[in-house]
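After this come two complexes, each holding subunit A, first together with subunit B and then together with subunit C.
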Partner chain A sequence: MLALFPQRWLAFALILPQTLLIALFFYLPVYLAFYWSFTLERPFGGGSEFVGLQNYARVLADPEFWRSLRLTFVFMVIGSTLAIVIPLILALAADRHIRLSQPARNILVWPKGVAGASIGLVFVFIFNPFLGLLAPLNAVFPGIWNPRIDGADAFTMIVVAHVWGGIPFNFVVLLSGLQAVPQVLHRAAALDGAGPWRRVRDVQLPLIAPQLFLTFALEFTESVTGAFGLIDSMTEGGPGGSTTLLVYKIYVDGFRGYDLSGAATQTALLMIFVLILTAFQFLVLERRVRYER
Partner chain B sequence: MVENTKSIDRVAGLILALGMGFVLLPLVVALVTATQAYETVLTGGLSWLPGDQLLVNIARVFEETALPGQLVNSFVAAMLVATLKCLFAFMTALAIVFFQIRWGGALFALTLVTIMLPLDLRVITTYQVAADVGMPVNLVLDVFGIGPLMRLSVLDTWFGLAAPLVAHGTGTFLFRQAFLAMPRDLPRAAVMDGAGPVRFALDILLPLSRAPLIALFIMMFLGGWTQYLWPLVAASRPDMQTAVVGLSRLANDMPGAVPDYPLIMAGALVVSAIPLAMVALLQRFIVRGYALSEK
Partner chain C sequence: MTVRATAAALCALACTALSNPVNAANFEFWYGNTGKIEEAIQANCASFNAAQSEHKVTCVGQGGYEVAMQKAIAAYRSKTHPVLIQFFDAGTLDLLLSNAVVPVSEVLPDVDWNSYIGGARSYYETSKGALWSQPYNASTLIFYGNREALASVGVSELPTTWEGVIKVATKLRDAGHACPYATDGHPWRVLEQFAARHGAPVATKGNGFAGLDAEYAFNAGLPAKHMENLAGWRKDGLVRLAADTRAGKFADAFNAGECAMIENSTGGYSSHLAALGDKLMVGLAPMYEGVERRNTLVGGASIYVMKGHGEDQIKAARAFLDFLRDPAPQLEFVKATGYVPVTQAALDLIKTTDRASDPAFAVAELGVGSMDVAGNEYSRGIRLGFFVQFRDIFMEETQKAFNGEKPMQAALDSAKTRGDELLRRFQATYAGVTLP
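Now for the complex of A and B:
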């Protein structure tokens, strides 16, 4: 910090607007979620009473909660892995400076401009069992694809839409990492007899470890929360709760069921889950990432 | 590349073509379906043959749905998010980097924590705060046994749609990095020449941070426009909802077994036209914005 200007009051005025907003719309809600998880909140402001750990006991005894948490975890693992591996393959291809690299670098960023809740509506049509792309398949093998009945189909559909939306950021970041790999290293490895595949494994991937770490770190949090728009526009949590990730369950419990205490308790648990995940990434994974080149 | 590897380049080309195909598939489906009549889709399902109903369907979006007004809401909310975010983040980073404040480090850390817990995660309680923004005052008054002063709700307002999205630390982080990357002697020279903090910020710092500023503005605009969960709960009146929410409600509330897909697809095109055009045309700023966020 350079600490050039001594004007205290001016500095205070400069930080005030954003700090107020963060206090009001970040720290107060986070505090409230934990506070409410220890009280019984009545909807429509009917007062509250302290109930200790009762909310936690109720939530943790609810099989629906565990199911949502498990689905969140499965979605996080499958969704994020695909949402990084596919852009990684695309970035490796685009890094070869072929004719299609230039248009690809433009078009692959387009999903950034489309809301998940909007593209979800298009994917619902594409995956419609009777009208969509897979309708001919259903005509041959009746009932093989129906996301309205089969939970696994519905889950797959959301993963596909999630990967679609994740392409821009992951592709751009991974490609910028690949382009920063010095050509000298490629040549040296090639001289030593390493073929293109070997170079991907032993030169490129280790050198873009920081970018891979970054995409994973952000993608994990994103997959926990970002699927909401897709779920709400594609399956509304169904069929039979098979796509009700925790972020969707919290919304349904809080805004449709008016169970504020239950929703706040699940929010608190989900926050702890995300914080543990973030801490794990930075303490365990990041140590293995070497930043120097 | 190093060696002459035609076959590998061919595979790479195929991969890129597949990738672009995957990205374009839903967009092309939306475009083609928007040109068809409802009856065509009802009988034939998804078809790649363009019809002649594009203008009819788009006209229906503007005449039969609430989307025109909701587009205005989206635009205003996204502009508010981007403008306030850039302004407040610039101010905060300015104070943290260039002013003598002892608690600058702590403030910065507290600002960064916001990145770890996105708005979608704490939507339940943020909604309660937005419904009663005087809550902190009321909580204090409550301790002294005085009843709540008043309930001031920012739900169903443009400010309410935007403000919680501004309460986020990325911008501050970005500007701080940009400020610290500048040559140290620059601000010293400015001070020696008699520039005060305001003059320094406006005449030296602002022009030098133009690139991250534009990148941040575009990213925040796109983020504000495509936001879903917060505007879904923060605006209950259809005339205050954003276009993305309006479109999704439109599709969900449609009667009948087969929704009016041509209308929905035309709506999806209308809703996504502005941000999509921005992404396609302002490409380099987005790439820059992403590159900045990784540091």
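Now for the complex of A and C:
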């Protein structure tokens, strides 16, 4: 169905406010980031020298950049997968009307209301090596868990906090998808002798492919940029840079190190990375998704 | 109707702006400290406003040194910056070349800047002797001990050498003490102050004072050996990192009695005194035996005058700086915080009054004494670009050594390499600018 505006100017007028906002808060900063990435910019202004691709050469030759990009990628794959698989299991359970699924549907949404930094603060306490949940483990095997010193522990801690924070939204989306699966199909499959697992695999999952695609697309981009609050409140990128994802490295370089050009260059590269990723998702993965039922 | 209301509102705004007399210099001062020190700064501001009626200062806390610098950069670029701003030691060179500040000795040419004690002045001086900023909350590194813990192993005096520290730490460890000595491994403590008082270079060219082409040099000699030692002592259970302590922060661990000895800023004194009372021992930061003691560096922060303000604002800022230089408000501040007095007059005022026996002033003389030892070219200060970022790199690399990812020497080498890259980029960013 197609609706046409009688006058063309009206259409433009209606999209103008939104366009202005996006231009001011997105296109302009993006433009500046790209512009700065070709200059050496003095922190207080008053001198910026065009240096061509020198910043890109510097950043791409920096092993720290590749390390944080690798960490970002690992975080994206592990964090996003868990942040979808766990809500999927919860949603399948809630959809099957198992005991307590009604209150669970409500309670599982609560973490959505908690900001990243607050989640970080709470998890820092939960994972405190002396007072937290794993403290008894340390009492038995001294030093086995200490995210303040051990990089792998710190990374695990960030992933757990991220997954926890990602449960509500993905749960809501996946559950709504599952509930829209017609009961008739369940019954038909059951009549044909399909057990619960078989029905999940052959009926439910194919039918919620659009929801799965949506959560994957959002979760992948979100995990690249959204970990900032967690890292800043939990590890500040440490220990030894083991949780310095690219988004945090950009902040540290630009705001704490006054390296505006380097930060701008990495911002540009991160944007390109996310664009490629999203393009891949939409051009390759979305073709396999069927929206009509 | 709405038009009229808008007009009225606009007029209300304009009229309040106009009702201020032209010379009413309401001006802003931004600072970074928080907690007890913030209270002391606000007290200074309040007493300035109470002492005269011509000017009014609004002191705005920014929640941290680094945040204050970030906001100052953003504010300067958008021309909404304050007249006066407090910056911390590590940002010195970034500011000197920023073209955003005027040297205080230019703004206040008649002041006798030599009344500032040498150690506090050299850090902020140009090679020609002009002073860029007025030292405000000056601190330096000293040594703290817990009298009770030391007495439990029969030690009654704080050791003054690293060899002595390790002897005491060994006794404490053998007596079952979990944390004889603690540090956070921050380069201000383990590198900058260490190298300065041992007269060893952090970087060539007199730590950068002699030119922008300096290179880092701490990965050899005594500073490197000390880092190697710290890592070894940690394995032996003599030294604990902040992350190894229950409290998670070395100063808190010391306050809680968990750790027996720490090196910390004099700025930490008031909190240590409040926590430990007469169990607190203070002394000069330890030296390696056989090395001549040089001065420690001034830490903390100083006040800069920013460019781009009218004469009335500058006049008001001058009055505020004059006020802060007076001995009385200085001592008010020293007493509340543990920072050290920065002028000879203020120091004399402590000595000549009954303040000399007041424990609140106990570190003032110690700290000033520590900064007033004869120095060499490597104990003047640090004049290296992007130094804040270097500190992060140093922490990151040495943490890798502490958690066993790589040997300490390799960590220091790679911190040097990454640091040198920063210096070269700083040089390129300020191409054609000479060091003042």
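Here, the second predicted complex is superposed on the first by the 275 of 293 C-alpha atoms of A that agree within 3 Å, B and C clash if a C-alpha of one lies under 4 Å from a C-alpha of the other, contacts with A are read in each partner's own complex, and residues count from 1 in each chain.
The working rule: a residue touches a chain if its C-beta (ideal position, glycine included) is under 8 Å from a C-beta of that chain, and two chains touch if they have at least 3 such contacts.
Quick caveat, the model's predicted, so the values are computed rather than measured.
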Partner chain in contact with A:Gly151 - subunit B first, subunit C second, else both or neither: second
Subunit B versus subunit C as contact partner of A:Gly113, first or second or both or neither: first
Partner chain(s) touched by A:Met271 [first = subunit B, second = subunit C, both, neither]: first
First, second, both or neither for A:Val140, with subunit B first and subunit C second: neither
First, second, both or neither for A:Ala104, with subunit B first and subunit C second: first
More subunit A residues in contact [subunit B versus subunit C]: B
Contacts of A:Gly257 with subunit B and subunit C, given as first, second, both or neither: second
Partner chain in contact with A:Phe130 - subunit B first, subunit C second, else both or neither: both
Touching partner for A:Gly238 - first (subunit B), second (subunit C), both, neither: second
Partner chain(s) touched by A:Leu10 [first = subunit B, second = subunit C, both, neither]: first
Doubly contacted residues of subunit A, that is, touched by subunit B and again by subunit C: 128, 130-131, 255
Subunit C to subunit A touching residues, read off their complex: 66, 69-70, 73, 76-77, 94, 97-100, 241-244, 246, 248, 386, 388-389, 392, 395-397, 399-400, 402-403, 405, 418, 421-422, 425, 428-431
Subunit B residues touching subunit A - in the complex, by the definition given at the top: 1-3, 5, 8-9, 11-13, 15-17, 19-20, 22-27, 29-30, 33, 41, 45-46, 84, 87-89, 91-92, 94-101, 104-105, 107, 110-111, 113-114, 116-118, 120-130, 133, 135-136, 163-164, 166-169, 172, 184, 187-188, 191, 196-197, 200, 222, 225-229, 232-233, 244-245, 247-248, 251-252, 258, 261, 264-265, 268, 271-272, 275-280, 283, 286-287, 290-291, 294
Subunit A residues within the subunit B interface of the complex: 1-8, 10-12, 14-15, 17-19, 21-30, 32-33, 36, 86, 89-90, 92-94, 96-101, 103-123, 125-126, 128, 130-133, 135, 164, 167-169, 172-173, 176, 186-187, 190, 196, 210-211, 214, 221, 224-226, 228-229, 232-233, 236, 247, 250-251, 254-255, 260, 263-264, 267, 270-271, 274-275, 278
Subunit C contact footprint on subunit A (complex, rising order): 40-47, 49, 51, 58, 62, 64, 128, 130-131, 146, 148-151, 237-241, 244, 252-253, 255-259, 261-262
